[in-house]
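Order of writing sets the labels: A, B, C and D. Residues in every chain begin at 1.
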Amino acid sequence: MADSESLSGLLSACRLVCREYKSENTVVKIGEAAIGGEGPTIIAGPCAVESEHQILEIARLVKSHGIRIMRGGAFKPRTSPYSFTGLGEEGLRLLAKARRETGVRVVTEVLDAMDVPIIAEYADMLQIGSRNMQNYKLLKAAGRANKPVLLKRGMSARLDEFLMSAEYVMSEGNEQVVLCERGIRTFVEYSRNTLDLNVIPAIKQLSHLPVIVDPSHGTGHRSLVEPMSLAALAAGADGLIVEVHPQPEKSWSDPEQALSPEGFARLVDKVNHFIDWQKQYAGLATQT
Amino acid sequence: MADSESLSGLLSACRLVCREYKSENTVVKIGEAAIGGEGPTIIAGPCAVESEHQILEIARLVKSHGIRIMRGGAFKPRTSPYSFTGLGEEGLRLLAKARRETGVRVVTEVLDAMDVPIIAEYADMLQIGSRNMQNYKLLKAAGRANKPVLLKRGMSARLDEFLMSAEYVMSEGNEQVVLCERGIRTFVEYSRNTLDLNVIPAIKQLSHLPVIVDPSHGTGHRSLVEPMSLAALAAGADGLIVEVHPQPEKSWSDPEQALSPEGFARLVDKVNHFIDWQKQYAGLATQT
Amino acid sequence: MADSESLSGLLSACRLVCREYKSENTVVKIGEAAIGGEGPTIIAGPCAVESEHQILEIARLVKSHGIRIMRGGAFKPRTSPYSFTGLGEEGLRLLAKARRETGVRVVTEVLDAMDVPIIAEYADMLQIGSRNMQNYKLLKAAGRANKPVLLKRGMSARLDEFLMSAEYVMSEGNEQVVLCERGIRTFVEYSRNTLDLNVIPAIKQLSHLPVIVDPSHGTGHRSLVEPMSLAALAAGADGLIVEVHPQPEKSWSDPEQALSPEGFARLVDKVNHFIDWQKQYAGLATQT
Amino acid sequence: MADSESLSGLLSACRLVCREYKSENTVVKIGEAAIGGEGPTIIAGPCAVESEHQILEIARLVKSHGIRIMRGGAFKPRTSPYSFTGLGEEGLRLLAKARRETGVRVVTEVLDAMDVPIIAEYADMLQIGSRNMQNYKLLKAAGRANKPVLLKRGMSARLDEFLMSAEYVMSEGNEQVVLCERGIRTFVEYSRNTLDLNVIPAIKQLSHLPVIVDPSHGTGHRSLVEPMSLAALAAGADGLIVEVHPQPEKSWSDPEQALSPEGFARLVDKVNHFIDWQKQYAGLATQT
């Protein structure tokens, strides 16, 4: 196809991330859950682990909606050195406890190459945040870990740079990489970042890796999360990572963007119906 | 709602475009078709009117898919003074002929305030392009015309500026305005522009005007049109404006982005199924 | 030179604006003043003509510093239809009166092709603003006028697009075009726009047209005007266009960015010394 | 001053980096050289240390022009895992050897918190690159080192974020921080990045830290380096960091942007004359 040719010129230096290396879609397993396989996957949870009570409450909430992977930050990257930077290892222990009690799998951010072993001990999936998308020591350390990696796009990353960062992880032997779009920096004033859904079909043409979308950080406004979640799936995303908090306005970080339990319930219901429709339509299309 | 409050701070100087002025959604009528009413509306056609044969062929194609509004440029804004700039009034006559023969309604671009009367004579809807979003004489002239207006977002327009341009049209007495997102300028390399779907739910919070999306100009790549069309509707858009050409690679302008008749048929089929699902889900949600 | 080759690839479709068409620098004459000749030229004045008293006061002030070209808007493009949009033809008459009384030449903005004749009657130079950089009817009308044209860069214009807009003017027979950098739209929060001085040496490589800089609109903050003015000249600009107002905080538009008479006096003094140094250094360099 | 007030609203959470904390300008000492004191300082050298012969040749060249600080990468961050990533510790040894033989001080990049001790052992100043501007472990490790820090702005960093990253270093006890503007990501096509000189006077209003400019990475084109260097100094920069290579076209990385020895000699001559003029003008201004 003429268009995929024009896009493929973008990736002259890629190897392992490219469709040329592997034509079928990669499926990343996180316990019994999977990303990139049959139908989109929702990851949900708070911005940060705040207390045992909070994280257990959210784990049960998330579980009750059939969600199998929970997010939650124990080590938080913060613009200011004076902001709350997470509960650290105590946060990891609370995440592990929430997993034991509910069975949900856990993804949490790792900020530094040296922390990979301890986080890999507690978590089911390692998140590399947008600020660290080109922290190459960290990418390589994650590439030597025995856990799947969730790699978030940097705020000014072109597609070649984003995929090259995944290549860093894969070139160390870890091919379990999920890409995540979470908004780019533009002049726009009505969303904290510009969630760029165009990147989803572009990635699908060029790479076999699954790609999910973070509408919470991507828009920065609770009220934009539901429509942009649906839009992400319609554009072909393999899943969502969404912030939910028992009392969003009391969240210790990013209170503007977390969904309430009610808002989350509405989202999950709509997303599940949409996924059913997608499967049904794909079935129709195959019959023809 | 807390979030809509935070967004509404953006529009301190708006009047007629705001939800505060009019709470229910505006429905814009173009002949027997409508935008902003029940379910999304597709507008389709070539970038430019090239010949009688071409425009009639496309009008019939479009009609055969149940499409009731056709796009087609007679006066084309072009970056270079040496490029093809459209057939001019002859193009308008061909559009009118296509309407007579098929019954499809016609939207075409107006580049200058002085041209409003002649274009209003032939067309059913006046398009103001992204380069002219802040051409205030043109906006006011369109505001005095007796035809609905399709206003495209400028490539670096913030939301307040976009809505203020609609305010220019409305303040002259014409409240039949449809907004159109068609991509903003960013550093991104895999799409010609960055189609910004976040603007759709933001507009829906702040304004009663309908908003449609142009995935053809917004992405610049044929292969991104279908996924971004679905995504636009999932984000809440009231319609799409899509380029289709009998032989895209022979299109006199923008050959990279027009859909082929086959690609267009696939798009319409999927969009129609999606719209059915949306209505069905809305019905479910209402029952609860 | 390798680098100029890499840049020149940008302008495949240009003709008259290119160095290949004309190798020596174009000098644009505005009365006895000139832009692009020996040493940089300052244009100064208020954002808008507000009253006879105001414009005469500024004309005398400007004149007293040896400035020979005054700016001042009679037709103002404004984001909101409810803002002050200039005194119109009365403003033009006041500008003409200020010229008669002081001898300063006058540049003022033209917003629409139809207004070119009347503005050309009163003004010495026609300004085409950033919002109209791709208003092709206006560009062509200015190309048929017998007055030099000051063409401001659009807020999201690439260099090829900017130069192509100059090509529109030139292709109608008017080669007296001055380009003006006035800031591009980026994510930056400390300046209203991002004044992009990199474009100056880039233009100098590719085109023979003179280029000046507007640090007032380009930064939007009075306190950034002096340093960015010097920087513009150091980067090779052929001049500056600066806003000055007797009482900036009472300016009817853009009060944040106009210099006070004292600030303007400091700027002119420093700029004049800098220009002396530039000439002296150029002399030294030639001797070697 | 009204304008500085409007900018100072940007930095609500800053402490140590702010002018409120320390009103006089910070002077950072690198051996007998200094940045932020009397007159601008030039740092120059190759992108990467390639060999003993190369780095000694450049050290001598740089020294012969009176330059007292040399740059040169031993650990190079590269978009692709398959690119040359520097000579590592061997590169550090070669830099130390060049210092011994010529007396020039050495600044080199540190990519990871764990590498701070070894690099601090060899280098006179630690560079934190744009990709790591928000690598907080690295910032804190540099804050505990006994060496001055050169902190480069990230490609999509707002000013508050840039200064907050300096705050991370300072809050660990190291107040010897030099800020460096090196270009932001925009839609522009004629420079690899958009060197944003507006940030210089903005920083000077808000912070006491010195700020230098990297026109080599900032523009990505050799032919833009000289004009943008002069412009940076005219805007108030405390210095430059420039790439120079004996045979630029044979440079192992970024061959498009390094100056040749001849180009570098021209730059230094012009910069030195300009600095003389600045001092002379400052003297004149003081007398008045």
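Assume a contact is a pair of C-beta atoms (placed from the backbone, for glycine too) under 8 Å apart; a residue touches a chain by one contact, two chains touch by 3 or more.
Source: prediction; values computed, not measured.
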Most widely separated chain from subunit C, with each centre as the mean of CA atoms: A
CA centroid of subunit B to CA centroid of subunit C, Å: 35
Distance between chain centroids, defined by C-alpha means - subunit A, subunit B (Å): 33
Centroid distance [mean C-alpha coordinates] between subunit D and subunit B, Å: 47
Overlap residues in subunit A, where contacts from two or more other chains coincide: 156, 160, 184-187
Graph class of chain-chain contacts, one of line, ring, star, complete, other: complete
Subunit B-facing residues of subunit A, complex: 1-4, 6-7, 10, 156, 158-160, 184, 186-191, 194-202, 205, 218-219, 221-224, 227-228, 230-236, 249, 256, 270, 273-274, 277, 281, 284
Residue ranges of subunit A in contact with subunit C within the complex: 185-187
Residue numbers on subunit B that touch subunit C, as the complex places them: 13, 15, 77-83, 85, 111-114, 131-132, 134-137, 140, 154-156, 160-161, 164, 167-168, 171, 184-185
